[in-house]
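Next come two complexes built around chain A: one with chain B, the other with chain C.
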Partner chain A sequence: MTIDTSHDHQPLASLTAETGGKTRRIAVHVVMIVLSVLSIFPIYWMIVTSLRPENEIFSTAMWPANPTLDNYVFVLTRIPMLQMLFNTTVVAATTAGLQVVTGLFAAYALVRWKMRLSGVIHGLIALSWLVPFQVTMIPNYVLASKLGLLDTLTGLILPNASHAFAVLLLYHAMRSFPTEILEAARIDGAKSWKILWQIVAPNMGAPIASLSIIAFISAWNEYFWPLLLSRKPENSVVQIGLQMFMTQEGNLWGPLMAAAALASLPILIIYLVLQRHVIESFMKSGIR
Partner chain B sequence: MPGGLACYRPAFEKHPDGPTMTDIQADFARPLTIARAPAKIRRQREPFTISPWLYLTPALVLLFVWTYIPLVEAFQLSFYQWNMLPTATPRYVGLKNYERLMALPEMRNALWNTLYYILGLFPMSVIIPLFVAIWTQDLTGRARMIYRGLIFVPMIVAPVVAAILWRWLLNEDQGLITLGLEQLGLGRIGFLTDPNYALATLTWITGWKLIGFSTLLFSAANASINPSYIEAARIDGASRWGIIRDIRLPLLSPTILLLSMMTILFGAQWSFAYINVLTNGGPLKSTTNIFYLLWEYGFQTMSAGWSSAAGMIAFLGFAILAAGCMWLTKRFAVYDN
Partner chain C sequence: MLRRTILKLMATLAATSLLPFGAFAEMPKTVDKPVTITFYNYNLASAGAGSEATKELIANFEKKNPNVKVETIAVPSNEIINRVQADVVAGKQPDVAQLTFRDLIFIASDLGGNALEDMVSPAELKEHLTGIFPKGLELGKVDGKTYGLAYTFSTPILYYNADLFKAAGLDPNNPPKTWADVAIAGKAIKEKTSKNGFFPGAYGPTDGTFVYQSIVMSNGGKVREGDKLTFADKNAAEAVKTMRDMVQSGAHAKIDPASASDTFSAGNMGMFLYTTALLSSVKKSAAGKFDLRLAPMPSFGEKPTAPTNSGSALFVFSKDPAKQRASYELLKYLTSPDAYTIITSKIGYLPLRLDIVDDPNQLGPWAKENPMFRSNLEQLNRLTPNMAFPGPNYRQVEKMMMDSVREAVFGSGDPIATLKTAQEQAQDLMP
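And now, the complex of A and B:
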């Protein structure tokens, strides 16, 4: 079964007339070009600055006269950037994976069984989304330090291993799963575990992919919790490394931009490869 | 097409069988609709089984351990005085923390700034995207895809990276924008160092991440409006503005309300990273919002009691706002059925 996306809805010819002629068409492009430049230029400027040699750093030319990778070399030798990129990958991938699994389990429980308390549970899960992290940060911090999780990757992953958003996204996707199939499998004597992994999960490909993308990107960009937990750069994630680097070498603009570029590179690559899917995942699922 | 994943469709495209807008809205709003009854699936009531609870355990344990129990603990802590040292015992002070906070000008200042962030985000998260989406609705094909790919990018840029990018562009000595404005004869502006500008600058950076994404959401919703309504209105002689006002805006209301709700509830939280990376709440506390204040009390001045009390005030305030927003959505959103 494929999802039908061929009907990219476009205004009818008569509708275009609703909105005028050539001048307007140009104006439309002007608006979109302004918005595009606004969105993309800061990133372009980051890359250009990161490629400039030191004596050219304050140049306002749109492309460096003598591009160099010196700034990248500087960053890689100065801070444990590769280690932090590795840590961040581990944290983001594990967080995304755990959110998928805990989300699948919880959603499955709510869809498959009719429980008296399922309304309450659903509400509890949804409400947790509205608790700002800054409100619970002190007890969380105390708990993490009691468990010896300060300055560890486990500590960064654990509180995010389940998220209301993940449960709800999968719950709503799963709800439309035809109950007849579940019933039939059950009558055939299949155990719930088997039904989940052999029937439900394989049909959840699209929502699972969406959730993984969003969870990975959010975990990669996460800043607040690592800020509380991290001590040493080599045990930390790239966002914290970036902030530490800025605090120490804030006016070395070339290396700073190189560090920022390295920190965003994996996300930008994912975006280039999976662009359509990333945009659609975010649009379907909202802002986190 | 069997119904298996029918609910899961890319939102940007038009459904073959009807408007997408309500779908988008529903998908967004559902997670926030707190008391929604769970699926009513035809099934006999089964005797109590342990299985569902086993499946629910991981999620529920994590939620309780990391969200609900800490929330209760924070509530308790708000009646105590404690410097967060494991060796010190918290001292019960009753409502003193709340009384102190209410009397502190810092708190009032932070609340005003929070309001400023939220209201300042509106043009970028709702108003401009709404009109850009309507204005550019007949863009088609390749151009549309290219613009779409570009304006989405800020959404996935890490807040720390965004902060650093703008810190460089707006740098007081050599920033490209500062130099540009100077060339235009506007003089040098201390975007991040002048108390008159810093708050607006941080609001702008927060909004920069949202503006393209909101535009895409509105475009998708707008593109899914049934063209026959517009056609009918035109035949009846409606003006362009009349069509926008009487057809497009009402049918876009679910998306408008949704993005407004997101802005109100999360806007101040989104700005946290920029405050912490760029200004530390300064200059002269001009950029401190309530969430930054919590952080300052908690981890800089080490007054866990104050932080928790301020946290409770914030939580309660935003909970009331959330309830209000959901009521508004129910009351005013127009769905095309």
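And now, the complex of A and C:
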């Protein structure tokens, strides 16, 4: 008599596989939990430090013995923080919007019309991306001064209204757009303006969303240009506001952390609401 | 050809002889019509005590001078010289600027700063400068002329943690007086408490050179003599070697230079040599945590210390005579007894006028409440001007010097050879 053990072997193998899978899942989860804690801890520490009184700033306790909102009061009364947050929102949103529009125009022109110098123009746009902003900062400043744009939000927006990155991102996205549709629209009598806004742009939601998010975050974090252009704190942006807590008379860590918490709130909200889009934007376009 | 040259020369001489002071047209005696002047200020670019005090000073000035409107331009201290330069290039002539001493020669020779002797009549200038201690006036001079009037400035002082002194078996009532004492105390603190012994605020990215120069000059060294660099010469190099020896013995901490003040404020360091501008901030951090005390900067044996100055001076750039008058009035107010009472008591800088310290209507009551401040005042009779570097590459020269000092103090090679190599290389960048 032979004993058929195949039935016994099958569940054992599947059990082993299941255990192995479970172990792997646990290991992956442990790694992810550790990475999440490492990512979240600086934000937690920023908030905890913002709640510490002055003589507890250098304490390493996980929670302040006497939590206080004094640092937030200090931030809101000592510098025009709310005005700066408003200015930064206006500058970041307008810059992102303008980069999308100018990027679309340039990308459409490069994709739609094959000119003799298209390659050269494309190359020049790509090369301009490599020029550090610090190189053009002083000529831009002199020009902004002559145009009467010093200490204005327009002055902060204009130099960043178009960007090589925006043009290249949209150019590559637009190149994969089916030319048959464009030809069909043209045969139906649609002009370029109509084709761009009614056919191309509505079908490029993903790259436009990616660009908007990246341009917004990049403009939100801009420091050097506002540092040069702004003459008064109330006409400046939040990154300059943060710098104001690092003084010749010592760093004001509590207020600095409170201001940083306030400054990072809008970006955190964007992450929470558009989490998937933000991650995809960075994945597709490379870290910027 | 020769005739034309002589005529040109005569015309130039005639034109300059019509002007009362050098190449300057005479300023009006008062500000009769409304004038707006710009004031580039770095205290206003902060949210600390300096900003509040500056706003108070400007409000007081405008109240006293209703015809003068001061348009403030707030720029952080490490960027302010670039902003003034950018505005000069952009044709937006600055009027008054608070700038650091390291840029002094550049301001006088390249940036178009006005010498007060060229702008103001000798009698009027003498009247205002009376009461200012003479060594303080020397700080802003280039080739004998006053380009900068010392404004917010201080000298290095030894902050020490009396609790760590006690824990290390040292007497906190007898703080180190010489560098040999610092080496002993620093080593004891390191060995008995495991905390850091000593660190000077001399090597960080925003520390400038005033603490380093104070140490060097206290040993009879200098960073330059005329256009010749001397920071690797005997006395200057020996001063740096003293720091290196302390690093090797463990008395001098090996920490990130940018974090030195925070390490001390957190109670993790025994002694910290830095400007009193930090006093108010350190006091707040130390409150209820450790016993904070101050002592004069240490000396090399019996040699008297030569503390040099941190901080800023006020410079006038106005070209228009009416604006020059308004700018000078602002300068006068900001260096007046009233202004120094505010600057010293509310920010923590030293008063340029020592007669106000015990005046019951000026700093008297504040000085009684803050006896710790006396250590810094006592050093003022040995105040030695900070040496700025000449020529268009002055910042690069300064950077090469400080890089070599960091390497000499913390590196593994021969400290004197390190300084010598840097000095030879940097000499090529001097005029």
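As a working rule, the second predicted complex is superposed on the first by the 233 of 288 C-alpha atoms of A that agree within 3 Å, B and C clash if a C-alpha of one lies under 4 Å from a C-alpha of the other, contacts with A are read in each partner's own complex, and residues count from 1 in each chain.
As a working rule, contacts are C-beta pairs under 8 Å (C-beta built on N, C-alpha and C of every residue); 3 or more make two chains touch, one makes a residue touch a chain.
Keep in mind that this is a model prediction, so the values were computed, not measured.
Novice: As a test of reading the superposition: which chain, chain B or chain C, is in touch with more residues of chain A?
Specialist: Comparing chain B with chain C, the partner touching more chain A residues is B.
Novice: Touching A:243 in the superposition: chain B (first), chain C (second), both, neither?
Specialist: both
Novice: Going by the contact rule set out at the top, does A:55 touch chain B (first), chain C (second), both, or neither?
Specialist: Only chain C is touched by A:55; chain B is not.
Novice: So, does A:231 touch the first partner chain B, the second partner chain C, both, or neither?
Specialist: second
Novice: Per the contact definition in the header, classify A:274: touching chain B only (first), chain C only (second), both, or neither.
Specialist: In the superposition, A:274 touches no partner, neither chain B nor chain C.
Novice: Look at A:122 in the shared chain and tell me whether it touches chain B only, chain C only, both, or neither; answer first, second, both or neither.
Specialist: In the superposition, A:122 contacts chain B only.
Novice: Could you say whether A:255 touches chain B, chain C, both of them, or neither, answering first, second, both or neither?
Specialist: After superposition on chain A, A:255 lies in contact with chain C alone.
Novice: A:130 contacts which: chain B (first), chain C (second), both, neither?
Specialist: So A:130 only meets chain B here.
Novice: Looking at A:47, would you say it contacts chain B, chain C, both, or neither? Reply first, second, both or neither.
Specialist: neither
Novice: Per the contact definition in the header, classify A:199: touching chain B only (first), chain C only (second), both, or neither.
Specialist: neither
Novice: Intersection of chain A residues contacting chain B with those contacting chain C?
Specialist: Overlap of chain B and chain C footprints on chain A: residues 57-58, 138, 142, 145, 227-228, 243, 246, 253.
Novice: So in the complex, which bits of chain A are touching chain C?
Specialist: Of all residues in chain A, those touching chain C are 54-55, 57-58, 74-75, 78-79, 138, 141-142, 145-146, 150, 227-228, 231-233, 243-253, 255.
Novice: Would you tell me which residues of chain C are touching chain A in their complex?
Specialist: Listed in rising order, the residues of chain C that touch chain A are 42-52, 72-77, 79, 82-83, 86-87, 89-92, 152, 261-262, 265-267, 277-278, 280-282, 284-289, 311, 347-348.
Novice: Using the touch rule from the top, collect the residues of chain A that touch chain B in their complex.
Specialist: It comes out as residues 1, 3-5, 7-12, 14-16, 18-19, 25, 27-29, 31-33, 35-36, 38-40, 42-43, 45-46, 49, 57-58, 60, 101-103, 105-106, 108-115, 118-119, 121-140, 142-143, 145, 158-159, 161-162, 164-165, 167-169, 172-173, 175-179, 183, 192, 203, 206-207, 217, 220-221, 223-224, 227-228, 239, 242-243, 246, 253, 256-257, 260, 263-264, 267-268, 271, 275-276, 278-280, 282-287.
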